[in-house]
Structure formats: structure tokens, C-alpha cells
Amino acid sequence: MKKSYTAVVGLVSGFLILIISIMTSGDIRNFLNGASIAVTLGGSCAALVVSFPMKELLKVPKILKLLLKKGEEDRTNLIGLFADIAKKARRDGLLSLEDDIADMEDDFLVSGLQMVVDGVEPDVIRDILTLRLETTERRHRMGQSIFTKWGELAPAFGMLGTLIGLVVMLSNLQDASAIGSGMAVALITTFYGALLANLIFIPIASNLSVQTDEEMISKEMMIDGILEIQSGTNPRILEEKLTTYLSPEELIILKQDRNTAAAAEELSYE
Amino acid sequence: MKKSYTAVVGLVSGFLILIISIMTSGDIRNFLNGASIAVTLGGSCAALVVSFPMKELLKVPKILKLLLKKGEEDRTNLIGLFADIAKKARRDGLLSLEDDIADMEDDFLVSGLQMVVDGVEPDVIRDILTLRLETTERRHRMGQSIFTKWGELAPAFGMLGTLIGLVVMLSNLQDASAIGSGMAVALITTFYGALLANLIFIPIASNLSVQTDEEMISKEMMIDGILEIQSGTNPRILEEKLTTYLSPEELIILKQDRNTAAAAEELSYE
Amino acid sequence: MKKSYTAVVGLVSGFLILIISIMTSGDIRNFLNGASIAVTLGGSCAALVVSFPMKELLKVPKILKLLLKKGEEDRTNLIGLFADIAKKARRDGLLSLEDDIADMEDDFLVSGLQMVVDGVEPDVIRDILTLRLETTERRHRMGQSIFTKWGELAPAFGMLGTLIGLVVMLSNLQDASAIGSGMAVALITTFYGALLANLIFIPIASNLSVQTDEEMISKEMMIDGILEIQSGTNPRILEEKLTTYLSPEELIILKQDRNTAAAAEELSYE
Amino acid sequence: MKKSYTAVVGLVSGFLILIISIMTSGDIRNFLNGASIAVTLGGSCAALVVSFPMKELLKVPKILKLLLKKGEEDRTNLIGLFADIAKKARRDGLLSLEDDIADMEDDFLVSGLQMVVDGVEPDVIRDILTLRLETTERRHRMGQSIFTKWGELAPAFGMLGTLIGLVVMLSNLQDASAIGSGMAVALITTFYGALLANLIFIPIASNLSVQTDEEMISKEMMIDGILEIQSGTNPRILEEKLTTYLSPEELIILKQDRNTAAAAEELSYE
Amino acid sequence: MKKSYTAVVGLVSGFLILIISIMTSGDIRNFLNGASIAVTLGGSCAALVVSFPMKELLKVPKILKLLLKKGEEDRTNLIGLFADIAKKARRDGLLSLEDDIADMEDDFLVSGLQMVVDGVEPDVIRDILTLRLETTERRHRMGQSIFTKWGELAPAFGMLGTLIGLVVMLSNLQDASAIGSGMAVALITTFYGALLANLIFIPIASNLSVQTDEEMISKEMMIDGILEIQSGTNPRILEEKLTTYLSPEELIILKQDRNTAAAAEELSYE
């Protein structure tokens, strides 16, 4: 899996911006407060444990790894792959695909093509693959909803911490000199809650959502391709049809690839 | 019913975090105020009584028991069960299932298979089971919407309590020394409202929603399985089809079970 | 129409809780302010007049009467009714239902069965009844949306009143002793807005919405029953099918009724 | 077009309530501030110009005229009209409708009946009329979304104005006597923003939305009627079917009309 | 591409209004603060980098150019174009369209008509064009969601900046004279966040959304037109059908064009 560190770069630069902003205007030690972190992060985690099954929450570390995942750049490769398979299938029959399947990595693609080789009815293949796609999407959306909920709970517990601080301070107004620092400490939990939500949880939920959308499109493209191969569509037409799923940028890449391939072919004929 | 105490653990630890946070910074007695609880909890309950039929509100204790319910871990068992039934149905006919039905616990499954035994048309079975599924879902969503609404009303009544406190305090500004404690008391109802909503009501609504989603998937899987058994599908194909409903984690469990079963079978042949 | 006073009890107890809370902490006269009520209630009513056609607003008193309406407890009776009609229809023909229709109260049921007696096509009956159901729902949702909108406008005008109070007070800061009472008066409109919205308007909207949902389910059940009677379904199967619409609680009532009926029948045979 | 001034009455009375409330508690001149209006109204208009195509914004005066439009009271007349047309069509053939069409005002009705006269296929008529209905709805929803967006932008620019006022005031704290009036001026933009949104823009958006809903129902009713006329439905059945679109209030009016008509007919026979 | 500068005019005039408002009431230098811009804009950009794939964010400059794009005024031309094509297709056969296609600019139209010339099945053409339309829409919605998200993140980071400023100020309350300016600086980030969101990001997202809606309607119109041409519809009927997509304003333009054309034709006959 190729990795992309843009999400990490975003997180780190976001923190740096805030830290620099704090250090240029005041003392950063005023912003470090273990109790505030405990209330904001601990409290929101406790509420998450009530909100979701533990086995879903235990997947959070695995979900976080997805942030490093490189995007859907292989959609152009997929078209080439389907064109090759379609050619072979028309030349040597569907059964000849057995060997190619063994070499593929994508589970979804493998199980779909295997059903084609096994001679399963097109309608059944479509049903099963669509069901798998929905099961996958539902699982991914669960992961996103954990972060979305966290992004709602963190500011809420930040506010709870601030209310605690305010009540404590207001109950001891005798010492006027402590009012300022009391309010400062109270506001820090609000700061933590807003920070966790807006720099971490909400952006992560958004990132996961975009990834899932892209994955679903790729899978829909695969279902289309698999069914076209089964029905013995002309490879060139299949290729044209699948390019419909590409963005203009991907189309340009695809055309460059083809030109390179054509040039290489020409060279090899010289 | 196996029990899961994670939701209770979450609730208790959330309260502990807040209590410890309060005790380390101030006097917890400042946070105990019967009148504030009366306004926040009593007021929101009164508004709930207006919002929902009494017979739905009376189900709240029963709904709360659902928080202890162990998740959908029996989806893998269900596949084995359906495979066994399918084998028996093909060997001994659909009527032979009568006895097995008597041993089953799940009402939904029993009524579905009973219709199969009774020779009801597939379309009618699908209609009736889908309708039952929808009726069940609607009932569950009602329970969730009570907690969702409560999670909206509690902070609103918390704010009402704070407004009462502020108006009372501002009307008696002569005694400057009472301002602080007056505001502190006023803020406590906001604190209660936010606490009830974010640690209890909203997480419970989310928990119930996830449970309902899972139950609906299991029921859809049952409908699929029941109809496949009626149509006399090959048990192996039925099994493959139903695994589509499993998450990758459940799939791994299923494969382990099978390997264990296969190993056990081998052993028994030695 | 049997009446249910739970909504009224909820409203009254909600007000009592707030009044007691006010009286134990301060002077309730500080919370009575004609101008504040005028701004909050009058202003939001003016905005409602802009938002909705007058003829819909004039239905508000009629809609409020719905709050006293007893819930859908007659779904179990409906099943018995349909079973009786089905028996008669199979025994004496559809035309024999003419007399029974005359005794029924429910308009929807009457018009549906009348079409059956008149020999209208099943598809046409379904279309017309579904259209009536949608027309009814749309009308009910309009009533709810008035209260939902009111629940949004009341706090907004409460805030407008508070802004007026604050601007007036801040423009006359010379008299420091008036600041407190000025702010107190300013906050009362916010208090009224939040009170009207959260204790009255939003809960009423919710109550109406639940009632409409229930009514729609009953009507869908009637459509199903009417069409089954027309197609001459076996009364026992019709009964089983319609029980699918019942909640578990209603099912228990239905079974008790049947047992009582069976016991009574047995007794009468002794 | 009959006119309805309720929306105007609502707007005027809303303003009166607020003006009286201001005048009884303070000096209304404190609430008049050209710069505040410029920021709130001018700023939100500038943002609207970015948000929507100019040609849509230029329709705003035309849209505002819709507020004076009398509601859908002609649905009962429409039923009579359709019954008459149906009778004539059955007696003299569809071609005889040509003359009646010339007298009608409603564009939608005219184009639909013209297609019937021209012998266009029912499916094509349904497609074209449904498409027209959707085009009309989309255009209307655009007008509503302008006011909805304005209702969001006005408070936002009100807050921006308040922030400007606060920053200006806080930067010049030396003159303590100016703090109050500074804050008062700052708050006025918030007041304007909330006023514009909650008394004008949001209610107008709601009003337009209800009007569109009603118009769409009338148009759906027309499509139904046109297609029934083409298929030569019995006028009495057509009439019964179209009454399904009426609210109970309209039904009562319809029945009164019929009784009057019947009475008149009887009289004319005497 | 004809250009429209209304969006730019809106942005500039919005800024001017705020700048003039600031300058008339205070010193604009109090509103210029590099650190505040860094926190609000830099922080929200960092969160955007976490939220979206980099390759989508890099399209932002290209998306901004769309703000200058002139609206959908060519829908009337499109109708003339389709009428011409339909005439030619009926006269000279579908193959004769090959030359016209070469002259067209719109990719979507070209690929659709090319499929018609190539004799692809109508269903396949509809599927492929609909898929292309959905792919295009999805891509456009992604661009909008970047600005929508930015419009949420900017105020959030503005608030974070204000919290930083408040905590710093409250921690150093000794110097009472610095309180005012400290709070002023703290509020500026909130001001920036609200300004960026409400004058720039949210209006741009709205602008893009309206553009996409319009483009989708034009494309749906093209699909309709292409399929009608393939099925050999009468040019006059095709023209009538496509006018259904026009707004009343466009219809008036179309009629003027036709009158002018008819007048010109008449002239040419003289």
C-alpha cells in the first residue's frame, strides 16, 4: 500500500500554528492542564463507550491507519486490467480466467470474477456483490460516525469542564486575584474540546467519508466490469464504458498511458 | 441473553472523571443542588410527557435493559443454523423442519420458517416478514427518539434554570457578596443539563440506534436465508451467500470455527 | 372519542416545577412582565402570520384538541372487525357488506369498503386510498410544522426582546443601581422564549408527529385489510397478516382478548 | 388575482409590537443607526450577490408580490371545471374541447388539455406535464432558498457588526463613560440581523414554501384530471377521485356548493 | 466563455461595506493582526488538508475560476441546435450528423451524439450518459463540500484564536489597562472566522451549488434531446418537449428569437 502523509502533515501543521500563536502572545504553560485533558478527552471517551459497541471502538487504531492510505489512483489501472481480462475471456473462454484470479489482490474483484468462472447467474452475481458493497459501506460509515460523534462530544465535555471551573471560581469569589486565573483554567477545557473536534475528529471523519465514497465508486465500477466480462462485451466498448467513472484528471492520465504504450509498441515494431 | 456491561462501565467512568475533576479543584457540595436537579430533570420529563404517548414512556425502563444486551455475535451461528436447516430440508423435505422450529428461540425466525412449512407463497412470506421488520424498526426508533428528544430538552431546561437563577440574582444586586454564589448556583442547572444530555441521553440514543441497525441486518439475513431454504438452494451456496452479511471480523471467526469443526471431524475419523 | 390527559398533566406539572423553583429562590413577580410576553408571544405570532396561510393558523385551536386524543389502542379491535367482515364477505358475498358499512364511524374505512361493494378495481381502490392517506398526512404535517416553526420563532423573539432590554440599559448606564434590574428584565424575554419553545411548542409538535405516524400505520393496515377482503382472502390468514402491524404489547392484548372470547365461548357451550 | 394581505398585516404588526416595546422602555433613537443597517443589510446583500446568479436575485421583487397571492381556494372550482369538461368530452368528443381551452387562464391546464386535443399519447402527456411541474418547483425553490440563505446571512453580518463595535470599544477603554453606549451600538447590529431574519426573511421563505407545496398539489390534481379526461372516465367517478385532493374544509365548501346548485336546479324546475 | 463579474462585485462590495463601517467608527489598524489571520486561515487550511485528499484541494484555484462563469443562458440556443440536428437526421439519416459533431464544443453532447451515429442501443446511451452526469455531479459536489467545510472550520478556528487570547489575557490580569486591548485582539480572530465564512466560503459554496444544479438540468435536457433524435422524433415535437426545461424568462427569449427569425425569414422572402 502506497502511503500518503498529507493528513499527518495537516495535523502537525495545525498544531504548530496554534502553538506558535500561543507562544508569541503568552506562556504556553498556561495551556497545559492535565485535569482539563482528563475531563475533555476522558469524558468524551466515556460517552463514546456508552454510544458504540466496544468492538467497534477497538477498531479506531486500525481506522486511523486509513488516514495514511493513498487515494484511488488505481482506477486507471483497473480499466487496463479489465480490458486485458475481457480480451482473454473472449479468446480463451471464461474458464481461462481462473489463473489470473489467483494473482489478484483485491478481494472484491476476486470473489466477483470467481463467480463468473463458476458460472453463477448474472443477477445473482450482481445481488451478492451489491450486498457486499453495502456491507462494506455500512462498516465504514460506522467508523466515520464514531469520529463524528466524538467531534460532537469533545466540545460538550469541554463546556462541562468550563462550567465546573466557573462554578468553583464563583463559589470562592473572596480572593479577587484568583478570578482571572480561575477563568483562564475554566476556558482551557473549552479550548481543548474545540481543538480536538475541529482539528482532529471532524477532519478525520471527513477524510474517512471521502475515502469511502471513492472506494464505493471503484467497487461499482468493478461490478459493472465483471458483469460486462461475463456477458462477453467487446473489450474496446468495455473500456469506453468504464472510463465514464474517471474524473477528467484520471482521463488525462489514462490517455498519456495509452500514448506511451502505443509509442512503446511502435518502437518495438521498428 | 449474554450481558455486556461496557455501557455501564462507560457511564460510571464518565461520572467518576467528572467527580474527581470537581473534587480536585473545589468543593463537590457546590455541585449538589436539589432544586437544580428538579428543574433540569423534572422539567425535561414533563416536556417528554407532552411529547410522547405515556405508554411509550413507560417502556423506558425496558429500553434501558437493552443497554446490557450483548451485540450481534450470533450472526456466525445463524449461518451454521441455516446450513443445517437447508441440508435437512433438501434431504427430508420442508415439512421435516416442523420439529426444528419448535426448538428455536427467535420469534422472527420461527414465524418465517413456519410459513415455509405451511407452504405459504414466497412473495407473501417476504411481504409479511418485511412488514414485521419495519414494524419492529419503527418501534425501536420510537425508543431512540425519546432519548434523542430528552438529550435536547435537558440542556434547554438547564438553560431555563440558569435564566431563573440569573434573574433572581440580578433582581437582588444589593448584596454584592451574593453575586458569585448566585451565579454559581445558576450555572449548575446548565451543568446538569449538559451532563445529562452528553453523558447519558445522547450516548444511549446512539447505542440503541447501533443495536437496531445490527438487528435489522440480522433480520434481513434471516429473510434471505428463509427464502433460499424455501427455494431449495444448495446448502453450500446458501452459506456463501449469507456470509456476505458478515464483517471481516465475523468472517475470521467463521473460518476458525470451520477449521476447528473440520479438525474435530478428522479426529473423529482417526 | 376517549380522552387522554397526559399531555395536559405534562404541561401543568412542567409549569409547576418552574414556578416552585422560582418561588423557592426569589420573587415570582420579577418573572411577570407584560411587555416581555407581548414581545415574545406577540412577535412570534406576527412572524407566524407571515409564515403560514391564515386558514391554517385558524386550525390551531382544533389541532390543540388532538392533544387530548386517546392513542391508537383500537388497532386490536380493527383486526377483529376485519376478521368479521371477511367471514361475512365469504359467506354472503361482498354486496352484503353494505349494511355493515352504514354502522362504521371511520370515514377512511367506510369509503374504502364502499368502493369494494361498488366493485371498483383493486388498483383504483389502492390508488385512491393511498392518495387520501397522503392528503391526510400532508395536512397533519402542516399542523406540526406550525408548532415546530413557533418553537423556533419564540426563542428568536425572546432574544430580540433581550437585545432591546440590553440596548436600553446600556444607553442609560449613569444609574448604576438600575443595571441589575435592567438586565433581569432583559433576560426575562429570553426566559419566556425558551419556556414557550421547550415546554409547549416543541413537545406539542412532537406529540402531533407521533400521533400522525400512528394514524398512518392504522390507515395502511386498513388499506391492506380492505384489499384482502376484496380478493376474498381466508379470514384466518387475513387476521394473521394484520397482526403484523401490532406492537408486542398490542399482540398480548389481542391474545388475552381471544382467550377471553374462547373461554366465554366454552362457557356458553357448557 | 384575488389578494391576501395577511402576510403584510403580520409584518406590520410584528414591527409595531417591537416598536411599542422599545418606546415604552427607552428611547427609540438609540435603535436607529444607519451604519448598523448598512453592515447588516448591505453586507448580507453583498454575500447574496456572491451566492446566487444576479438574474435570480433580480426576481426578488416579483417573488415578494407572491406574498399577496390568495391561496389555493380554487381547488373546489377546479373539480367542477373538470367534471364539465369530462361531460362535454364524452358527449362531443375530445376535439370539442378546443374552444373551452381558449377561455382558460391556467397555462399548465391549457397546455395539458391541448395535448389531449392534439391526440398526444397519455404517457408522453404525463412525462411532459410532470417535467413542467418539476421545472416550476425547482424555480420556486430557488426563490425560497434566496430568502432562507438571507435569513442565515443577516444574523451573521449582524454579529460581524457587533464584533466590529466591540473591538472598537475595547480598543478605547480609557473613556469609561463610553463603554455602555459603545456596547449598545455594537448590539444594535445583532438586533437588526435577528430582526430581519426572524420577522422577514425566514417567515417569507416559509410562506413561499407553503405556497409552492399547494401549487404542486393543484398541478398534480390537474395532471390526474387531464389524463382521466383523455381516458374517457365517467364524470362522476372523475369528480369523486379528484375530491381526494381536497382538505376536509374544502370538501365542506364543495358540498355546500353542490347543495346550493342542486337547490337552484330544483328551484328552476318548480 | 463569457464572463460574469457579479460574484467578484459582491465580494468587493461586501469588504468595502465592512471597511467603511470600521473606518467611520474606529481605527482600522486595530483590525489588522497577522497572528489572528494565521490562526484562522492557517488553522482552517490545516484542518482542510486533513479532511480532503490533496488532489481535491489543489483544484480550489480552478474551482474559483468557475465563479466568473456566465450562467446557463445557452439553453435556448441548445433547443435551436437540437431542432436543426433533428431536421438533418430525418432528412439525411443519422450518419450525416458526423460532420456536425466535429464542430461542437460540449464534450457531453459530442460523446452522446457520437454514440447515436455509431448505432449504440438507446438504453446503453442513456446508461452511459446518466453515469457521466452522475460522475460530473459528484466531482462538482466535492468542490462545494470543500468550501462548505471551510465555512464551518473558519469560525471554529476563529473561536480557538479567541480562546487563546482570552486565556492569555486572563492569566495576566495584573495590568488592568491591558484587559481591553487583550479582549479586542482576542475577538479579532472570531471576527476573521465569521467574515471568511459568511462573506467568502459559504456564498462560494452556494454559488457553486446553483451552477451545478443548472448544469445538471442542461445535461438532462441534452440526454432527452439525444435520445429523441435517435428515435427520429418530429423536430417540432422535439422542440416543444425541450422547451419544458426552460424557465418563463428563457421562454420569452426563445419566442423573441423565433419572431426575429420569422421576421428575418419573411424579409428574405420579400
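So that you can tell them apart, the chains are marked A, B, C, D and E in the order they are listed, and the count of residues begins at 1 in each.
Please note the rule applied: a residue touches a chain if its C-beta (ideal position, glycine included) is under 8 Å from a C-beta of that chain, and two chains touch if they have at least 3 such contacts.
All of these numbers come straight from a predicted model, not from anything done at the bench.
Engineer: Check every other chain and keep only those touching both subunit A and subunit D; list them.
Structural biologist: Intersection of subunit A and subunit D contact lists gives E.
Engineer: To test your reading of the model: what rotation angle superimposes subunit B on subunit C by C-alpha positions, in degrees to the nearest 5?
Structural biologist: My answer is 70 degrees for the C-alpha fit.
Engineer: Centroid from C-alpha atoms only, then distance subunit A to subunit B, rounded to Å. What do you get?
Structural biologist: 26
Engineer: Taking the mean of the C-alpha atoms as each chain's centre, how many Å separate subunit B from subunit E?
Structural biologist: Whole-Å distance between the two chain centres: 42.
Engineer: Pull out every residue in subunit C that's touching 2 or more other chains.
Structural biologist: Correct list: empty.
Engineer: Show which residues of subunit D lie in contact with subunit C when the two form their complex.
Structural biologist: Touch list, subunit D to subunit C: 4, 6-7, 9-11, 13-14, 17-18, 20-22, 24-27, 30-31, 67, 71, 177, 179-181, 183-184, 187-188, 190-191, 194-195, 197-200, 202-204, 206-207, 210, 213, 217, 241, 244-249.
Engineer: Can you list the subunit E residues touching subunit A in their complex?
Structural biologist: 35, 38-39, 42-43, 46-56, 128, 131-132, 135, 138-139, 142, 149, 152-153, 156-157, 159-161, 163-168, 170-173, 185
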